[in-house]
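Structure, as C-alpha cells:
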Amino acid sequence: MLRKLLIGAMLSTAMTGAYAVPSFADEVEVLHWWTSGGEAAALDVLKKKLESQGITWKDMPVAGGGGEAAMTALRARVTAGNPPTAVQALGFDITDWAKQGVVGDLTEVATKEGWDKVIPTALQAFSKYDGKWIAAPVNVHSTNWVWINKKALDAAGGKAPESWDELIAVLDKMKANGISPIGHGGQAWQDATIFDAVVLGIGTDFYKSSMIDLDPAALGGDKMVEAFDRMAKLRTYVDKDFSGRDWNLASAMVIEGKAGMQFMGDWAKGEFLKAGQKPGTDFVCVRFPGTQGAVTFNSDQFMMFKVGANQQKAQLTMASDIESPDFQSAFNVVKGSVPARTDVPDTAFDDCGKKGMKDLAEANTSGKLFGSMAHGHANPAAVKNAMYDVITRHFNGEMDSKAAAKALVDAVASAKM
Amino acid sequence: MSVASQDNATRTGVFARAAIYTVLILFVVYYLLPLYVMVVNSLKPLDEIRAGNMLALPQQWTIAPWLSAWSTAQIGVSPTGLKPYFLNSILMVVPAVAISTVLGALNGYVLTKWRFRGDNIVFGLMLLSCFIPFQIVLIPSARILGELGLAGTVTGLVLIHAVYGLGFTTLFFRNYYEAFPTELIRAAQIDGASFFQIFRRILLPSSGPIIVVTVIWQFTNIWNDFLFGSSFSSVDSIPITVALNNLVNSSTGVKEYNVHFAGAILAALPTLVVYIVSGRYFVRGLMAGAVKG
Amino acid sequence: MAQSQAEIAPVLTHRPSRTPKEALQEWLPKLVLAPSFAIILIFVYGFIIFTAVLSVSGSKLLPDFSTWVGLGNYVRLFNHPNWITALKNLAIFASLYIIVCSVLGLGLAILLDQKIRAEGLIRPIFLYPMALSFIVTGVAWKWFLDPGIGLEHVMQDWGWTSFSFRWIKEGQYAIYTIVIAAVWQSSGFVMAMFLAGLRGVDNEVIKAAQIDGASTVTIYRRIIIPLMRPVFLSAFVVLAHLAIKSYDLVVAMTDGGPGTATWTPALFMQKFTFGRNEMGMGAASAIIMMMMIFAIIVPYLYSELGGKNERR
C-alpha cells in the first residue's frame, strides 16, 4: 500500500506536470526572507544582473521571525540532501553552518577580486571560516541610530542630543510638550536593539568585554547595572501601549508626530521615505547619544552551500555580482543600509546614507566597529536569545537592575553550555 | 431533535425567544469582529491605517490592496501577487486529501468490520499520532524524503500530509462505521461478496456525510499548513500559506497592512467556500457518527 | 476485547477457510491496514524515539550523535525560567480553553437548536474561524485587543472614557487574551459537534419526559446533556490537541511577550530547536510535551475503547 500510495501521489503530480525541475548547470536557487516591497525589489537588481549573464534565478523566499522560518526550512533542505545554492544568513548562523561542513568555497573569486582589502575586517570574521571565504556580504546595517521627528525636536529646543544627559533633557521636554517621547515596540529584539546602543554609549570597551567577549565581570558589574538603570529610565518615556507593537508602527508614531524619536536600525529610514518624508527637513538621523564614532552593525550575507561541480560556475558568478560596486550601490540605496565594501562611491545615497557610509569607514579604521548583539553579530543564537530574555524581562519591569545584571551572567553561562 | 420543536410557541415565551436571539446576535458579532477588522482595513489606503483607529470605516474606499495582493504584491523577488500560488496549493491539497481519506476509510472499515486481536491497540496507536507536535518530525521526515528522492517535490509534500492526516481520517471513519449495522455486512459476505465488494457496494454509498467531514477537516488543515509547506516545497511548488507568510512577514521592510489583510482573505477563500457550501453537510456528517466517540 | 470481537463478527474472522482465495480474503483486511500502520509506526513512533535520542545528545544546529549529555538537557530545561513560565501558561491556557470552548459550544448549540430562523446564516458564521490561518487573523486580534488602536480606543472615542481593556499589554493577563482568540477560533467547531449530537437525540425520550411534566431546563439538565457525554469526549480530544500544539496563535499575537509572559511549550520547542540552535534542549521539551499529552490521552482512549465493550 505504501507503493500504491506513492504511485498514486506520483501519478497525480505527473498528470499535472508539477515535478521538481532537475537542476541545470546555469542556475542558482536562493533561499532568503526579503519578501516585502523595498527589499525584494532591491534583490531583483541582483536577479536581473545574473539573468543578463545567462544564469537563472530560482527564488525560494521564506519569511518570518527575522529569518527563523528560513533557517528552519534550511535545516530540512540540508538534512534531505538538497541545499539551495545560496542562503541569506546573519552573523553567527553562518559560522554555525560552516562548522557542519556543508558550505561551499568562494576563495577563488574573493582572491581574484581582492575582497580582503575592501570588506571591513569585522564583517570578514563572519564571511570566512577556517581561512576560506564562504559567504558574500550584501550590506551593512548599523543599529545605533536615532530617528527624530524634526518638528518635535524643534519644539524641544531644536538640538539633536549628543550625550546621555542631553538625551534625557530632550526627552523630558518632549514629554512636557505632551507627546510620547520614545516610539518603541515592546518585542524582545527591539528592547535588545536599544540595549545595544545603551551599552555602547557607556563605553566601547565595555561593549566589547560584555557583549562580545562575554566577560562575566563585565556582564555582572556596576557598569551593567548602570546600563540596566538607563534602560529603566528610557522605559519611563515609552507610552503605555508599547508592548508587542511592530517596529514600523513605532516608526509611524514618529512620522505622525505622536512620538518624538525612535531608536532603531537604518532600515527604519525606509518607513520615513515611504511616508514621503525627507531627511533633514521632516526627520533627523543621528547616532545614539554617546555612541558617535562607533557603529554596531549587522550584515546580511549570502552563504554559499556545497553544490555539484556543474553549478559552481553560477555560484561564483553570483558571489562576484554581489560584491560588484554597482550592485552594492543600487541595492543599498533601496534597502536603506550601506554597502558591505568601503570603496563604493556614495553619490547615489541620501544624507543619512552618506553619513552611514562615512561612519562605517571611520569605525572600521578606528576599531570601533562591533557586531550587534541584538542582531546576532556579537554571539551565537543561544547566547543572544538568553540575553533577550533578561533584557525584555527587565524592561517589562519583572526585575530590578541589580537582579537583571546577575540574571544576565547566569543566562549567558547556561546558554554557553 | 430539539426540545423546542415539541414546544409550541406560546410555551417558550416571547421573552425567552428574544433573549435567545440577543445572545446569538452578540456571539455573531464576536465571531465576525476579526473578519470585520480585516475587511475594513483591507479597503483603506495605508495612510489611514497609519493614522490609527483600526475599527473605523474607510474615509476613502479603495480596492487597490486587493488587486495588489492578488497580482502585483511582492512575494519574493518578483512582484507576482498570490495568484500563481493557488494552483500549487491545489495540486498539493487535492491528492493529499484524497489519499488520506481513502486510506482512512479503508482503515475504519477494517477496524470496525473485520476486527482482530489487538485491533483496539492498533487504533489507539494510530489515534495518538494526531497529537504529536509537527516540529519534531521535521528533521527525520526531511531525511526520509531525501532518501526516497522526494525532497522538494509535490509528491513529497503530498506524502507527508497524507501520513500525518491518517490518524484523524481513521478516527472519523472508524467512529462512523462503528454505528453501521454489522449484520448487513455479514449477510453480504454469506452471499459471497468479497472484502472490497462489500466496502464499495455497501459501506461507501452511505458514507457521504463522513466523507464531507473528513474532507473539510483535511482540506483546512493541509491548506493552512505552513511548517511542512515551507520546509519541503521547492521553487515550483511553494504553497499559498508560504506565499501569504512572505507577503505579511517582511523583516525590515514597509508593512502594507491593507494588502496583508486582503491577501489573508484571498488565501482563505477556498477553505471559506468549503465551509460555507458544505456547512450543512458538515453538521449532518458529524451527527452521523464523527462525534459518537 | 477478544470476546467482544467474537461477538461482533464471529462469521467474518473465524470461518474455516482453506482455499487460497478464501485465505486471501481472510488476510486481506490486515493487508489493507498494514501499510497505514507501518507508516504510522515509522513516521510517528520511530520519530518519537529519534527525538528521545536527540534529547540526550548535545545536538545544537543539526542532529549530532557524537556528543552525549545524558539528562543534562532535561536538567537545563527545568532550570530555565522560560520553560517554567511555559508550563504555567499551558496549564492556564489549556484548562480555560477547553472548558470555555466546551461550555460555549454546548450553549450555542442548544440556543441554535431552538428552531432558529436564521440558523443557516448563523452556523457558518460560528464555524468560519476554523477555516482561517492564524498568520493573519492573529494580527487582526492583536490590533483589536490593543488598547491604543482597538477596542479600548473605540469605546473611549464613543464616550465611555473610563473603559479600560489592556490585558494584552500586561504580563499577568496577556495569556487570557490568547484564550479569547483561541476560543474564537475553535468554539464554533465544538458548537457544530454538539449541534450534531443534539440532533441525534431520540425524540421519544424527550416526549416521554414532557408527558411526565418535566420542564425544558430539567429535560436538558437531566436527559439531554448527559447524553452528550461522547461529544464532550470527542471535543476534548480535538481541543486538547489544539491547545498543546498552540503555536501560530501565540506567535502572531504576542510572540511570547510582554517580556516572556506568554511563552508556551510549543513556542519554547520551536524557538529552542530552530531559533536558538539548541536542538537537544528543544527535543527534551518535545519529549516532556509528549509525555503530558499521552498522560491525558491514553486514559481517555482506554476508557473509550474499553467502555465500548462494556456497553455491548
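Letters are used for the chains, namely A, B and C, taken in the order the chains are written, and counting of residues starts over at 1 for each.
In this text, a contact is a pair of C-beta atoms (placed from the backbone, for glycine too) under 8 Å apart; a residue touches a chain by one contact, two chains touch by 3 or more.
Just so it is clear, the structure is predicted and the values come from calculations on it, not from any experiment.
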Pair with more cross-chain C-beta pairs in contact, given A-B and A-C: A-B
Chain whose mean Cα position lies farthest from chain B: A
Chain B and chain C, separation of their C-alpha mean positions in angstrom: 15
Inter-chain centre distance, chain A versus chain C - centres from mean C-alpha coordinates, in Å: 37
Numbers and ranges of chain B residues touching at least 2 other chains: 103, 139, 141, 226, 245, 248-249
Shared-contact residues (touching 2 or more other chains) in chain C: 32, 35-36, 39, 62-63, 146, 148, 274
Chain A: positions in contact with at least two other chains: 1, 5, 65, 72, 75, 79
Contact set on chain A toward chain C in their complex: 1-2, 4-5, 65, 68, 71-72, 75, 78-79, 93, 96-97, 99-100, 186-188, 239-245, 380-382, 385-386, 389, 392-393, 395-396, 398, 414-415, 417
Residues of chain B that touch chain C when the two form their complex: 1-7, 12, 17, 20-21, 23-24, 27-28, 30-35, 37-38, 52-55, 103, 106-107, 109-111, 113-120, 122-137, 139-141, 144, 163-164, 166-167, 170, 175, 178, 182, 185-186, 189-190, 194-196, 220, 224, 226, 241, 244-245, 248-249, 257, 260-261, 263-264, 267-268, 271-272, 274-276, 279-280, 282-288, 290-293
Touching residues on chain C, where the partner in the complex is chain B: 1-2, 5, 8-9, 11-13, 25, 28-30, 32-33, 35-37, 39-48, 50-51, 62-63, 108, 111-116, 120, 122-133, 135-137, 139-141, 143-144, 146, 148-151, 153-154, 157, 184, 188, 192-201, 203, 206-207, 210, 216, 219-220, 224, 229-231, 233-235, 237, 240-241, 244-245, 247-248, 266, 269-270, 273-274, 282-283, 286, 289-290, 293-294, 297-298, 301, 304-305, 308
Chain A-touching residues of chain B, taken from the complex the two chains share: 50-51, 73-79, 88, 91, 94-95, 98-99, 103, 138-139, 141-143, 145-146, 148, 151-155, 158-159, 162, 226-227, 230-232, 234-238, 242, 245-256
Footprint of chain B on chain A - complex, ascending: 1, 5-6, 8-10, 12-13, 16, 18-21, 29, 32-41, 43-44, 47, 57-67, 69, 72-73, 75-77, 79-82, 141, 246, 248-249, 252, 255-256, 265, 267, 270-271, 274-275, 336
